[in-house]
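What follows is chain A paired twice: with chain B in the first complex and chain C in the second.
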Partner chain A sequence: MKILVCIKQVPDLESRFKANSAGVWFDETDLAWRMNEYDEYAVEQAVKLREQLGEGSELVVLSIGPDRVVEAMKKALAMGCDRGVHVQDSAAAVKDPAQIAATVVAYARDQHFDVIFTGMQSQDRGSAQVGVLVAAGLDIACATTLVGFSYSDGTITAKRELEGGLKGIVKLKTPALVTCQLGLNVPRYPTLPNIMKAKKKDIAALPIESLLSTPPLAATVSFHPPAKKGGGIVLEGEVGILVDQLLGILKEKTAVLR
Partner chain B sequence: MKILLIGESRDNKVLETTYELTGFAGAAAAESSLFFVGSPHDLPAVSGRLYLADVAACGEYNPDLHRDLIVRTVAEENPDAVVFLHSSYGWDLAPRVAAALKVAQISEVVGLVEGGFEVGCCNGKMRRTVKPATARVVLTIQSGAFPVNKEGGSPQVVALAPPVASGRVIFAGYEAAEARAIDLGRAEVIVSAGRGVGKKDNIPLIAALAKALGGELGASRPVVDAGWIEHSHQVGTTGQSVAPKLYVACGISGAIQHLAGMKKSDFIVAINKDKDAPIGEIADVLIVADVLQFVPALTAKL
Partner chain C sequence: MEATREIYWNVGHGVVWGMYLLAAIAFAFCAYGLWQRVLIWRQGRALVRHDQFSARLLTALRTIFSQSGVLRVTPVGIFHALFFWGFALLFIGTLLIMLQADFTAPLFDIVFLKGTFYQGFSLVLDLAGLTALLMLSGLTIRRFVVRPQGLPTIANDSINHLLLFTILLTGFLVEGLRIAATELVANPALSYYSPVGRVVALLFAGTPSATLLSLHKGLWWFHLLISLAFIALIPFGKLLHIFTTSANAFFVDRGEKGSLTLINLEDESLEEFGAGKVTDLTWKDLFDADACTTCLRCQDRCPAYNTDKPLSPMKVVQQIGEIAASDPQADLCAVVTSDVLWACTTCRACQEICPANIEHVNKILEMRRKLALMDGEFPGDEVRSSIANLEVNGNPFGLAYAGRGDWAEGLPVVQLGSGVEFDILYFVGCYASFDQRNRQIARAFVKICAAAGIRVGILGKEEKCCGEPARKLGNEYLYQMMAQENIELVKGYGVKQIVTTCPHCFNTLGRDYRDLGLDLPVEHYTTFVAGLLKDGKIRLTPEAFDFSYHDSCYIGRYQDIYKEPRAILAAAGGQITEMAKSGVESFCCGAGGGRIVAEEKIGRRINVERVQMASATGAPLLISNCPFCLTMFEDGIKTGGVEEVLQVRDLAEIVASRLVS
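Right, the complex of A and B next:
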């Protein structure tokens, strides 16, 4: 059985973002990078499935982006992926979801993966489109926002997170793609021996031009902070003074302090 | 502009969020019709054409079939935009429809600008303006971004012939939300812990403030996923929606799904080290401080 997991490297979302010189995405200076959080759950679930299937199965991790994304791929390899495919694209950040999906489809089309895992969305773009578009491009079954996954005899039973705590159970036959929601599992921390082992694992490099030839379907024309709605008070300073200020405000504006 | 709205139903009932779609249509000053897989006995109160597929024939969740019905309706209606909610239904279905129509999808729309759409990004901290390159576009709109429009009217129903049930994703039932140990909906004060609290050992500090204010303990999603607090305390679209007199967000950055569940609170206090955290957008007071220092100091004075 062949398994693919697609991951993205994203900046630490606690960072302060400012527009790049083109004004269409963030400036990458001084940003720290990590694996997209949703993708950590996807990798963990893929590794779990790989462990369940044992010998004769293979788990490939794929990422698209500049050379820095290899760091995120190494983490996935240390978590238990067998080998990596790095689609080299220094301009990945400005590709639209349709192009990213087309790239994965072009790679995966002849590889006959039985199960493909992705995060349900990236933390930076958050389009929640790529996984579903890949499934559509490959014409395979797809279920999204998984908080439960099990596999047996060519059938996936997935628990989808809906609204208000409700979950929907669905069954789909492989080949299939699933998109992973936070809380699906507990992503493991790579152990030191596994980090060392991962260094020896193969990461194949493919230039983006070899896979993608379609134009974007949408273009970002501006990247900016949200308009401040105003009205809210921002308080900064020494903690003791802040406490007194807040208590004053709460006494004046709310009825909860008696 | 002519748009096709994709309404939502669950268990034979219209979901209230469907009226955010009519709100969007109003904001866009668009001529709208609505597509809806649901029960003929509980139709959305909208005017205009309502393309109805009976859920009894289509199944509660059958994405391939729902997609095919929408594609058929688009051919009939010829809209400029097909508009979904940015919900579990929209996340699942909108890209399938966009792929089938070979058009751009623009996700998480929060506003309209000349020739394009304003969308959220970077966990709600930033915005992008996006313009489609295709004549038609699929949109998902962020919950709460557009006013609810429930003016009503009686729709002109166009019944869609029940298709032959098919599809590769077989719906096998719902799993109900866990029984709630506490009903946050009734609480007058809620003090919620977010990832900024740092670790499970610090949760008692937040619980102590909740107690001192006579309120309940709430939590954001990452804190629940990490197992620091039980799910019954989770506030947000996948937890409980709340509107207390006072909501205190401790170390919560303000993911959109969390904001959607608590922004109707009468008074919102946010305590966060990050002055730019999106929670600041809706907070009445943003205290820029370390929660671990501020919260115990506040509790001590109550």
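Right, the complex of A and C next:
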């Protein structure tokens, strides 16, 4: 049985974001990178399935992006993926979800994966489209926002998170794709022996051009922080003067004293 | 009449053969028992502890004969020391008799146990025996009547006490019977040199001589047999500590305090990390278990144990010994349990007080390495996040690494790499970089340096956590990754001296980084500021204040810096009231060993315990020297309900506020 897990490397959300000079995405200076949180759940679940199936199964991790994404892939390999596929694309960040999905589809079409895992969405772009578009492109079953997963005899039983705290259970025949949500599992911390082993695992590099030839369906027009709304006023100085100032402001700018 | 006595009086010199045969059996028995222990110790990994042989020997002899280790705790230490000295003298006396009776006299006709020397010999041994007897009584009363809380007493203790009493009492009886039959009759003046023996002899005054002789003969043999039994039994119970604890004074760790073995991450043949079985520990770790006398001193001082956590350093050491002897392949961490292992703050109070030179902390850390590196285990999810934060942003808070130097905005510091000259690299550390409260320490330190005309350089956003919390949580891999990045950076900038405000950074950069190739002078600001004061580079305006001072573990016990901070605070006008637990006995704030990023879920809060000790001094101000301590105390003051009576400040803040400009 063949399993694929698709991961994205994203900037840590605590980083300081600035729009890049083109004004269509963020500048990468001073950003710290990590594996997309939802993809970590995907990797963990994929590794669990791989462990359940044991010998004869294979788990491939795929990521699209510049060379730095190999770091995230190494973590996935240390967590238990068997080998990696790095689709080299220094401009992955500005590709739209349709293009990313098309790339994955192009790679996966002939590989006959039985189960594909992706995160529910990426933490930076947050489109939540890639997983479902890949399923559509491959014409396989799909379930999103998984908080529970089990597999037996070619059938996936998936617990989905619905709106308003509801949960739904769906059964899918493989081949199928699932997107993973917070709560599905606790991603393991790679053990040192596995980190060592991961260093020797194969990561195949494929140029993006070999997989993608379609233009974006939705182009980013502008990327900017929200406009600042009027900030607060800080008054400093002697208490007596402060009181007068405050009274003045309250009279002039508010209706509380009228 | 010359002062001497006939050796083998009444029993006859013919007993020598039988006596030596029995002794040989006893020693053979003892050797066999020891060999059984050697086999257990040899299950451990190799470790060199016989280098610097003469220095080790000297230390060992000094430690053993001065009894300096046990004497650190009184009065029980005095009992042990006096008993030891008494018993040692009796042993030496016995050897002297052996030397004369069986060697110098028959072979060379030399008799030295005579005249004034014999009188002194007799008196000293008599008093030594009396001392040993009295001290043994004291120890017996303590163990079996007073029963200090938590002191484990086993059947073996009763046997040993009984054995020792019997040896000492029969010794005096044999002596008394001999004196009653000889000196009292023929040379009463000499009997005064055996005061205890004389008293015993007087009890037998009037007893028919034949009775005395047969009683003496019987007891002589009994005394011999029981003494030999003592020797034979040494390896089979707590008496073993006579050998092992003494030997541990030789095998003592002569490295710098807190040194941990460096795992070679380049070695691809390694598949197991940390101690998952006793056989993953070193022979010294297993030997330590046999050197432990369960004296309770470590447990008494353990901040985790004293706040109702399941850790007892003594119990951990004992468990290692039990597993090594019974089931060496057992899952060590499962027996000791994760809760126990994660509870340790690595405060080193156990190790500093241990009279047997046992190394508790590294055993725990080796087991933590197993949990972290082999099982990917954490003390809690909050620690899992902190470790992930360290990996991504180089600080446990998960804050943007790019903001690491923000605290210095507007301050006279040099960003390394900017080309501007600097005198020292201030390695700021995560807390002083990011935590609002602790940024005050960084600012205060820069202010002090500016006053002294010292140009301070910082690494800013390029600095990463020194890796100490990760390492102490067992994650050697993450530690080495971060350490190597910091070291490369520091080396690249041509730094000549590093100063830290964090004791954890200080120990890590100054000691641990040396194993990874950083060889630069590293100083903590307490000694650095003391130097500035001494050299007249800064002056302080003394302003009277009352305070108590908290010795952080990594400045106190790990670095033995106790005087300088107190001297600085005195120069600032401070009047110190020491807490009940201070100096080498200081009680941890609870944040060491990576616990700073862990929630304290079991038992009472260590930081609350400590701030209550501080408020008990009556001084309104608690002064610390560590960002971790400051964080713990700010929190402890709030949760411990002492907000009205206690404030905490860092030493740097005090100095900065009293600078003469």
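Everything that follows uses one rule, which is that the second predicted complex is superposed on the first by the 227 of 258 C-alpha atoms of A that agree within 3 Å, B and C clash if a C-alpha of one lies under 4 Å from a C-alpha of the other, contacts with A are read in each partner's own complex, and residues count from 1 in each chain.
Simple rule for what comes next: a contact is a pair of C-beta atoms (placed from the backbone, for glycine too) under 8 Å apart; a residue touches a chain by one contact, two chains touch by 3 or more.
Here the structure is a predicted model, which means the values were calculated and not measured.
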Open item on the list: For the overlaid complexes, name the partner, chain B or chain C, with more touching residues on chain A.
Closed with: B
Open item on the list: Quick one: is A:12 in contact with chain B, with chain C, with both, or with neither? Answer first, second, both or neither.
Closed with: second
Open item on the list: By the touch definition at the top of the document, which applies to A:58: first (chain B), second (chain C), both, or neither?
Closed with: neither
- [ ] Using the touch definition from the top, say if A:196 reaches chain B (first), chain C (second), both or neither.
- [x] second
- [ ] Scan A:82 for contacts with chain B and chain C and give back first, second, both or neither.
- [x] neither
Task: Which of chain B and chain C A:216 touches, first, second, both or neither - done: first
Task: First, second, both or neither for A:188, with chain B first and chain C second - done: second
Open item on the list: Quick check on the superposed pair: does A:34 touch chain B, chain C, both, or neither? Answer first, second, both or neither.
Closed with: second
TODO: For chain A, give the residues common to its interface with chain B and its interface with chain C.
DONE: 14, 16
Open item on the list: Could you list, by residue number, the parts of chain A that touch chain C in their complex?
Closed with: 12, 14-16, 30, 32-34, 186, 188-193, 195-196
Open item on the list: Could you list, by residue number, the parts of chain B that touch chain A in their complex?
Closed with: 10, 60-61, 63, 86-88, 91-92, 94-96, 98-100, 103-108, 116, 120-123, 125-134, 137, 140, 168-178, 188-189, 213-215, 221-222, 224-225, 231, 234, 237-241, 245-246, 253, 266-267, 269, 274-276, 278, 280-290, 293-294, 297-298, 301-302
TODO: Spell out the residues on chain C that touch chain A in their complex, using ranges where they run on.
DONE: 265, 268, 270-273, 373-378, 381, 384, 387-388, 391-394, 398-403, 461, 476-477
Task: Residue numbers on chain A that touch chain B, as the complex places them - done: 13-14, 16-17, 24, 26, 96-98, 120-121, 123-129, 132-133, 136-137, 140-145, 157, 159-173, 176, 182-183, 215-226, 228-229, 231-236, 239-240, 242-244, 246-247, 249-250, 253-257
